[in-house]
Every structure is written in C-alpha cells, then in structure tokens.
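In the two complexes that follow, chain A is the common piece, with chain B as its partner first and chain C second.
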Partner chain A sequence: MIRALTTRRTDLAPFLLLLPAVAVMLFVVALPLLFSLWTSLTPYKLTKPASLYVFIGADNYLRLLSDPAFWVPFGRTVLFLTIALNLEFALGLGIALLINQITWGQRGLRTIMMFPMMFSPILVGFQFKFIFNDNIGILNNALQSLGITDQAIPWLVDGWLAMASILFAEMWMSTSVFAILLLAGLFAMPRDPVEAARVDGCNPWQVFRHITLPFLMPFAFIAMTIRSLDVARAYDIVKVMTGGGPAGRTELLWTLIARTGYENAQMGKANAMAYISTLLSIAFTVYFYRKLMAARRFMGGVQ
Partner chain B sequence: MKRVRGMVLWVATFLLMVVMCVPGLWVILSAFRPNREILAKPPVWVPETLTLDNFGKIFGWGAEQIAIPVGSYFLNSMVIALTSTVIALGIGMAGGYAFARFRFRGKNSVFLGLMLLRTVPGIALSLPVFMLWSRLGIIDTKLGLIIVYVSLNVPFTIWLIDGFFRQIPLSLSEAAQVDGCTRWQAFWKIEFPLAKSGIASAGVFAFLTSWNEFALASQLTRSTDSKTLPVGLLDFTAQFTIDWAGMCAMAVIIIVPALILTFLVQKHLIAGLTFGGVKG
Partner chain C sequence: MAEITLTGVEKRYGALRVVHGIDLTIAQGEFVVLVGPSGCGKSTTLRMIAGLEDISGGQVRIGGRVVNDLPPRKRNISMVFQNYALYPHMNVRDNLGFGLKIAGQTPDMIAKRVDEAAQILGLADLLDRTPAELSGGQRQRVAMGRAIVRHPDAFLFDEPLSNLDAKLRGQMRAEIKKLHQQVKTTVVYVTHDQVEAMTLADRIVVMRDGQIEQVGTPMQVFNHPANIFVATFIGSPPMNLLPGTISGGAVRLADGSAVPVPPRLTGRAAEGQAVTLGIRADDISPVGHGLSQDGPGAELDLSVVLAEPLGMESLIYTRVAGQEVQAKLYGPRLVNPGDRLTFRLALDRAHLFDAASGRSLEAI
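Entry: the complex of A and B
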C-alpha cells in the first residue's frame, strides 16, 4: 500500500536521479563514440586536418578485413582473451577450493589474495618486465644460480616466450578476482544439499559436479562480467613489457590501435580498429551478462 | 592419510602465496637497493646495503637527482583521482538508489546500457576523446582527465551502490515514512548511514581505478601539469639506460596508497561485488 503510493507519487524521481549518470555517459562516452564512427568513415590523418571531412564509406573497414596486419593481432587478441579467461577461471576455482579447505588463517590468506588486484596494470607490466629481464631478472638469476640452465633465457625477446610471459602477467593480475568471488560463493553455500547428497551415496566428485559447481556458476559469471568490463587493460601490460615487439609478435588489437592512431597519425584507420575492438568488448560483456542472468534465474535469486 | 592431506594443502597454499607475493615484494625490496647491486653479476641475493637514496633521487632531496618530476606526478594523480571519485560517488549514489528502490520502464536496458558504455576499451575511447578534447582545449589539463575518469567510474559505482542499498530492507524506510519522515529524510537518516561503509568501499574502488589508469592518461596528458604517476613511470624507459632502482622506488610510491586503502575496505568490497551481482 505505502509502496504503491510512494512510487506513484514520485514517478519522475528515478529518472531525475539517473539523469546525471546518463548525461555523463552520453557526453563523455556515447558522443565521442559517434565522432569516432564518423572518423572511421573518413581517411582522416592528424597531419591533414581537411581529410576529416572526406567521406569514404566503409573503405577503412573493408581494407582492414583484407589486411593480415590487422587479422593476425585481432586473432591473437581473441585467442589471448579466451585462454586467459579460461585459465583464470580454472585456477581461481582451484585456489578457492584450496583456501576453503584451510582451517586457519583464512582471512589473512584472502587479504593476501587481494594484493595483485590492487596493482595498476602498468605496474604489473613493469614488475614482470623486471622479473623476466633476460640479463638482470630474478627469474633468470635464480635459474642460473640453481644450475637449471647455464644460458640466459630470452623471456621477452623470443616471440613465443614473450607472449607466454605476458599471459602469465595477465593471469597473475586477474586470477584473484575469480578466486575471491568463488571463495565468497563457497562461504555462502548452504551445507544441507551437500550433506543430503553424501547421505544418498554421492561421491565427492559427484557432489562437486552437481551441487557445488552449479551453485558457484553465478559467482563465476559475476567475475567474468567484471573482468570483461575491463579486458583491454592487457594493453597496459603489453605496452610496458614488450611494446608489441619483438617484430610485432606480441601485438594485440589495442597496441595496434595506439600505433596506428598516434604514432602513424592515421586516425581514420585507427578509429575503425577501435570500433571493432569496442564491439569485441561488448560481445564479451553481453555474453557473460546473459550467462549471469540465466544462472541467477536457475538459482532463483531474482527478487 | 589425514596428515598427508594436511601436508599437501599446506605446501600448495605456501606455493600459491609465494607466486602471489614474491613479484611485488621483490620490486619493493629492489626500491631500497642501489642500482649497482641490482645490476651485479653474479647476482647479489641478500642485500648488502639498504638505502633510501632511490626515493631521495626521485623527490630531489639528495645530491643526485633524476630529471623526472615524480612529486608533481604524485600531486596530479591525487587531485585527479580524488576529484573524480567524489563526483562519481555523488552521481553513482543517485543512480544506484534509483536502481535499488524504484521500478521504472526500461530499467534493465538502462542498466545494461551504462555497463556497455563502460566496456569501451580505454585506448579505443582515447582516440575520439583526444580529438574532441584538443578542439575544446582541455587536452593536457587535469580537468580533461577528471571528466573522463568520472565516466569511467560511474557505471561500476552504480552497480556496487545498487547492491548495498538492496541489502537494506525496504521496510525500514517505509516505517520512517509512516512516522512522518519525507522520502529524502528517510534516505538521509536511515538508508544512507546503513549503506555508508559500502559506499565508502565503492569510493575506494573508484579511486583505485583512476589512480591506476594508464591507457587514457597516456594520450590525454603530456606535461607536468597533468601527467599522472602511471604515465610518469614510462618516462624512465625513454632514457638511454633503464634506471631499475628508480623505477622500483616509483612503483612503491604508486602501490602504497592503493594497498592501504584496499586493506581498509576489503571486507565490504567483496560483499558488495558478490551480493550486488547475485541477488540482482
């Protein structure tokens, strides 16, 4: 009764309350995106201001679609994200199950796990540039001191090793997000279904597969959604660790955008790439958001 | 059997903690070592000298100085992160309250729309913002970066604060309104105090996002007027030889405020992330 009255009386209130948020997002993100769309349809170069007003249709996009110099970094980015997110989820789940078993110092361990989350991505990149440095890095120093290898391993100089090092840095930074949210899920899990399943003769694997895991999935998808809001922060790591090198072997979509737009001043082309990268991020987010909604419905968590 | 299992758990946890802590601790330790010890071959494992010289060099206290104005970068970072956090919190509280307490048409679409605008990669957003801000004359100013960071923080702040308000039973504010409070008074005297710690942790999250951001800042700032710490860190790599010790010292300056803030609010942050998301 009261609720119905108040909501009717203040019908405009939610819109007024949301107005500043919507206005900021429209002005600072949506409007520039429109401008970006226009620019991506021109041959705009920073060095030739007049070229901003030349309309060339989808030329930039068509040229990108047929250019391996674009496709290779694009494919590498999608592959990188897929591998990183899957490994982070698997590792995070393992860590959460592990910490859940520990009976002492759980809080302290959880606090330590938040440590990597608070590092600026640029710092994570720097930190691993320092550690993986082939000459003075602690990793090579340790391997050589222990006699495992007598030669310096060129972690950031070899193409494949550099990509693996970047993947490691990315996982170091982001696995905690999964571990902490999945651990929160484990803490919140009711004991009864597990006990009941045990009594009914389920083995530990069956309990995990059919009770624990479905219960944890919403938490996993929250982690995925939070992560996918911010996948492009791998840019910072690559930028400081390898700068896209050696010879473009660690170039991701985002470093390619920066190179094309700012270093080569080809803003038209760069904006077309930027649009594709934005659609990629949105695709990831929408995918996980829908999974989250589905998992919530499955759990009956909707109020 | 039980003992073996305990041992395995203990070893696994220990290894995990080593992997999580050693990289950061090594950087922090190296910030207190002289460069020649970092570069030494064969490597020096146990530090022979611990010194504050690297920090002295950065801030220009000692005899030796480096050409990177870390002091100004620190101030810029503080001003930009604090201002954008305060503004984002104000906007986010209004928005979060609207989502938590009102039913209105298009609610889910507006929410998803806000989130999707947040997913635009920083470097992709930087291109048009760079062009527009240049025309508006706010490139390389703190204002230009603050505006962008507000937009970066609003969606996630709304998500977190929405979750915190949802946890407060609706009946409390209704009871207050029956007793003669206006809706505003009910919010200010009952719901806000209850959600306060959650809102604080949303603020910390926003602060850290701004404090740590690099992709946009690296393109929208150029001089000591507006460059932030993460952008300044790359000044070191532009030099002929990399000053590892100096970079490590600067890394410590970036990470310490972040760590302190995180430890203050970690409990609320986890609660906000999970419950805001699960019970949507």
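Entry: the complex of A and C
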C-alpha cells in the first residue's frame, strides 16, 4: 500500500515540477497564438467588439489570396529582402576582408563598425529622413553645392528613389552584422588549406573563390538567417521615413498589417495577413538553415 | 624533377635572424631530410623553398631557375603539411584533382592522374568521401596523393607524420620511402624525429639555431658526427659524453681513470687538450656481450645502477667518473643493480670532441 503510494508520487512529480513553466507558456504563448488565429477566422473589427464572435472560416485568407493590395507589398518585401541581403553580404564580405588584412587598429575598427547597430532603428529612420529630405536634406544640399545637380531630387517622394533610400538606411544600419560574422569566420579559418592551395597553383583570386569563400559560407548563412528575419519584419524605418508612401509605393508587409489592424481597425484581416507573413519568414529561415547545414556538413571533423 | 640550390639563404624577422645563410645543394631525385630540434629554422627553410615565406637574403634556385620572387604557384613544387591541409569542402577525388583543375587540365587527364595516384596510395575506395570521413592515416595519404598527381619538380614535406600515432607513423614512413622509390622525384623532408631522418634520407641535414651543423648520409652522420650536438641529436639513446684531458696518449677522466685515445685519432689530440669523449651505448658492453669483440678496446670495471631488459638486449645504466652512462648488453642475460661487471669500450667507435668548440677531432 505504502509502496504503491510512493510510486504514484514519483510518477506525478516531474509533471508537477513542470506545471509552472507549462502554465506560463500557455498564458504567454499559446493563448495569444490561439486568440490571434481565432480572430483571423472572424471579421473582427476593433470598433465592433461583437464581430469577434462571428466565425467566417477561411474567408479572410481567401479574400487576401486574390487581393493585389496585399500581394504587391508581399512581393515588394521579398524583393526588398533579396536585394538588401545580397548587397549587405557583398559589402560585409568586402569590409571583413579589408579589416582582416590590417594589423594595427583592428579591434578599434571592429568596435566602430558596430556603432550603427547601437542606435534605435526609429532614430536611424529619423536621421535618414532628414538626410534625404528634398527641401532641407543635407544630401540635396551637398549635391547642389557641389554643382552636381541644380534640382531638388525627390528622394523620399519618388516611389523607386524612396525604396532605394530605405534600402540605404537599412544597409547603413545592418551591414555590420554580415561584416562581424564573416570576420569571425576569417579569424577561425585554418591557414593550412590556403597555403596548400597556393602551392597547388592558385592565384589570390582562385584561393578566395575555391577555399576562403566556401569556408565562409556557413557564417554567411547564419548572418542571412538572422537578417532575413530582421528585414522581413521591417517596420520602424519605413514607418518613420515614408510611412509606406508615396501612395503605398514603399508599403511593406508589416506597415500594411499595422495600417490594416490599427488604423483601419480590421484586426481579423490584419491577423490573417500576419499569419501569411509569418509563413514567409519561416520559409526563409528554413531555406537558409538548410543551406547552412549543407555548408557545415563538410566542415565537421577536419583540423 | 629538378635540382634545388640554396646559396646564403637567410630569414630575418626585423632584427631577429632565424636562418643564418644556408648553403645546400639537393641533387635531382635525391631525398634530403632537414632535421633538428624545434625552432632550428628547418620549417622556415622549407617554407622559403615553397615560397610561403619571403626570402630575406641569398638565393633559392629550383632546376636552375632563381625563384626568390616567384609565388608558390609558379615554382612547380608540391607540399605535404603537418595538419594535412586538405580542402574540407571537397571530396577526396576533388582534393586530388584540384591542382590540375586550376592548371586548366582536361577532365579526362585529371581523372587519369587521380586514378593513378589513388592506385599508388590505395585510395581507390575512398574517392567519394570528404576529409571529415577519413582517419588520420587516410588523410595523410590523400595529402600525399595531392602532391604526386601534379608531377612536380620537387616534393616538400613539412613534418608530415607528427600527427599520427606511433604505429601508423612507422607504416607511413615505409610508404613514403616506397613512394619515393617509385616516382624518384626530388624530396625535401622536414622532421624533428631522428628516426625518420635516419630511415628515409639519402642525405641528412642537421640544423640548429638557423645553421647547418652537418650534412651527410645517415651512416656518415651517425658514425662520424661533426660535433657534440650532432652526436647527441642523432641516435637513441643519446651518445654518452665524458669530459677529460689528453695526457700521455690517454683521455684522463674526472676521477683520474684513463681511457686510451682511439688509435685512428692519435696525433689529432694535443697533450693537455680538454676534450669530451663520446661513446654510444651500443659500444659499451659487458665483456662477451658486445656487438664487436675485435678491434682496439678498453676495459672498465663498473657497477650496474639500473638494468632495463628489452628481450634480446638490455639497456644498462652505470656510472663512469661520477657521471651516468648508458651501456648495452646483447644476448638474453639478466643483470641486477649492484652487479659489478667488466665493460668493454669499442675504441674504434668512440669519438673525441674538442671541449671548447664541441667539434669532432676527426673532422679537422
């Protein structure tokens, strides 16, 4: 009898000990997730609380699938992400290679390189908003003073220029993520294979192309995973610099979702959009993670 | 295949000189081993031949061509590194063929050469594996394969066996020797292990502190060391050294006992000269248990301090003139600490070094 009781107690003990953690997870993660999933299946409007209880199935999703007002920002986000990641990779790689070459002041430069990451994206947005302002911005002022142009270039007013300006701000802030990670990769790189390649007949470019770059790719994919999540949720810089304008031509997914949810009060529709965007982020993460694993497979166990 | 000539080759790091003007000619097809303790400049010398280190002074010629200012890729040499230095992201086939691919060879040609090398080194079954999936010995073999596929003018080996365990090292040593007999390419091989040097080399170059101490065939270096450093560095256990003074045709040791000057050296040592008597353990043995019984000898009564039986032979620790001396006993016979035995010194195999300069009196 006593024995039976003690066994029962040991059976339950692990679950009891886990209970607080499970409760917190339920309350903080599962509940909001389920709630938002539910709202995405209703025509919930913040101004009409009763609409929360009207179930409309996948209507929000079906309507979004044929809605260009959603797919254009969606495509723009993918395009923006692709361009930003590639340019940041190329630029970060260049910076890392240059810093790896210098022997004096390397630590100092590494720290300075990280300065942009220490600012709030909102402030970076404001900074570039003033730099790119067509009337009072320092950029137009400089271009005119140098006689390069006599017109005010509408940096944040023209659709394509505005997108490019946002891209510039984004890259200014975050290229160092790539630079830092790739530099770490260069530091960790064994010297022997490089020397072997030089003896094997490689010129400096071939050494880079065939030995250094493959070695750095796992580091690049880590940076890309981090940055793809970062850029896919871009909101603050865009909100501050253009607000998604002019006429929605810099609208990205999350500025659109925020507008739909908070300004238009269509929380149900906004949540449906958010779920689709989350899928996009997951897709990118899985893609880069796969690439990372494939690149890393060869690196294990050597040296 | 080519001859390699070093004339006055120097390496300086700022004010620090690590290689002090080396002169060395390595004949076509010769297997030369650079050996010395760590920090003696042997690896630096090899890396200067390879082009991985700048040459601070002097000249390196490969096949008659001065290569001082040529990058490694234009020297037509190949190198095997201590850490294998395989390309981790390529499989064995691509590792072997990489140099040929860079050189712009046709795929047929590359496949032919890779198969040939794989055949020689027994890598045929491993061609599709990545380096991470290979054992240490296999990786070393791939590194050697990568060196031979290009049919270079010379192979450079930089301590290729020091990352392997003792058994594998012995095996690979034999394979390297076989490989050289097959391909007959000039080899420069760097090691700190005197056994590797003795077994592999056509000629040994003993280095210390950035200078060459002696160049010679393994037998020359072993039997006629030019100085005390070479005498103690080559051979195991190290040669016994006993300080003494020449007096009346004999070496008078610290405790007053005398050992006759080896007959071949009479006249080379001046009366009253401070010398060091050098003799290997193999050449001091209890009477009747030595390698050679004839030839000039000297007998000493010594007591055994410690005996290490090794089966067919025993290493005996004893004391001569207050100094520890290692001797060898050949034949299965047990001796115990404290035993007093008569030892015979094979005088024709003993050496005399000038105490001040360390130079062998034979060499002068």
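Everything below uses one rule, namely that the second predicted complex is superposed on the first by the 268 of 303 C-alpha atoms of A that agree within 3 Å, B and C clash if a C-alpha of one lies under 4 Å from a C-alpha of the other, contacts with A are read in each partner's own complex, and residues count from 1 in each chain.
The rule is simple: contacts are C-beta pairs under 8 Å (C-beta built on N, C-alpha and C of every residue); 3 or more make two chains touch, one makes a residue touch a chain.
Computed from a prediction, not measured in an experiment: that's the story for all the values here.
Undergrad: Which of the two partners, first being chain B and second being chain C, lies in contact with A:Trp71: first, second, both, or neither?
TA: A:Trp71 sits against neither chain B nor chain C.
Undergrad: Could you tell me if A:Met113 is touching chain B, chain C, both of them or neither one (first, second, both, neither)?
TA: Only chain B is touched by A:Met113; chain C is not.
Undergrad: Should A:Gln206 be classified as contacting the first partner (chain B), the second (chain C), both, or neither?
TA: The answer is second: A:Gln206 touches chain C but not chain B.
Undergrad: Contacts for A:Ala197 in the overlay, against chain B (first) and chain C (second): which applies, first, second, both or neither?
TA: second
Undergrad: I want to verify the contact counts: of chain B and chain C, which reaches more residues of chain A?
TA: Residues of chain A touched, chain B against chain C: more for B.
Undergrad: Which partner chains sit in contact with A:Ile257 here, chain B, chain C, both or neither? Use first/second/both/neither.
TA: Touch status of A:Ile257: first partner only.
Undergrad: Which chain A residues are contacted by chain C in one complex and by chain B in the other?
TA: Chain A residues touching both partners: 299, 301-303.
Undergrad: In the complex formed with chain A, which residues of chain B make contact?
TA: Its residues touching chain A are 9, 12-13, 16-17, 19-21, 23-24, 26-27, 30, 38-39, 42-43, 45, 90-92, 94-95, 97-99, 102-104, 110, 112-125, 127-129, 131-132, 147-148, 150-151, 154-156, 158, 166, 170, 174, 177-178, 183, 208, 211-215, 218-219, 230, 233-234, 237, 244, 247-248, 251, 254-255, 258-259, 262-263, 266, 270-271, 273-274, 277-280.
Undergrad: Note which residues of chain C are touching chain A in the complex, please.
TA: By the definition above, chain C touches chain A via 50-52, 71-73, 77-79, 81, 83-90, 98-99, 102-103, 130-133, 146, 150, 156.
Undergrad: Please output the residues of chain A touching chain B within their complex, sorted ascending.
TA: The touching residues are 2-3, 6-7, 10-11, 13-15, 17-18, 20-22, 24-25, 27-33, 35-36, 39, 95, 98-99, 101-102, 109-123, 126-128, 130-131, 136, 138, 141, 145, 172, 176, 180-181, 184-185, 188, 218-219, 222, 225-226, 228-233, 235-236, 239-240, 254, 257-258, 261-262, 267, 270-271, 273-275, 277-278, 281-282, 284-286, 289, 292-293, 296, 299, 301-303.
Undergrad: Residues of chain A touching chain C in their complex?
TA: By the definition above, chain A touches chain C via 190, 192-193, 195-203, 206, 210-211, 214-215, 295, 297-303.
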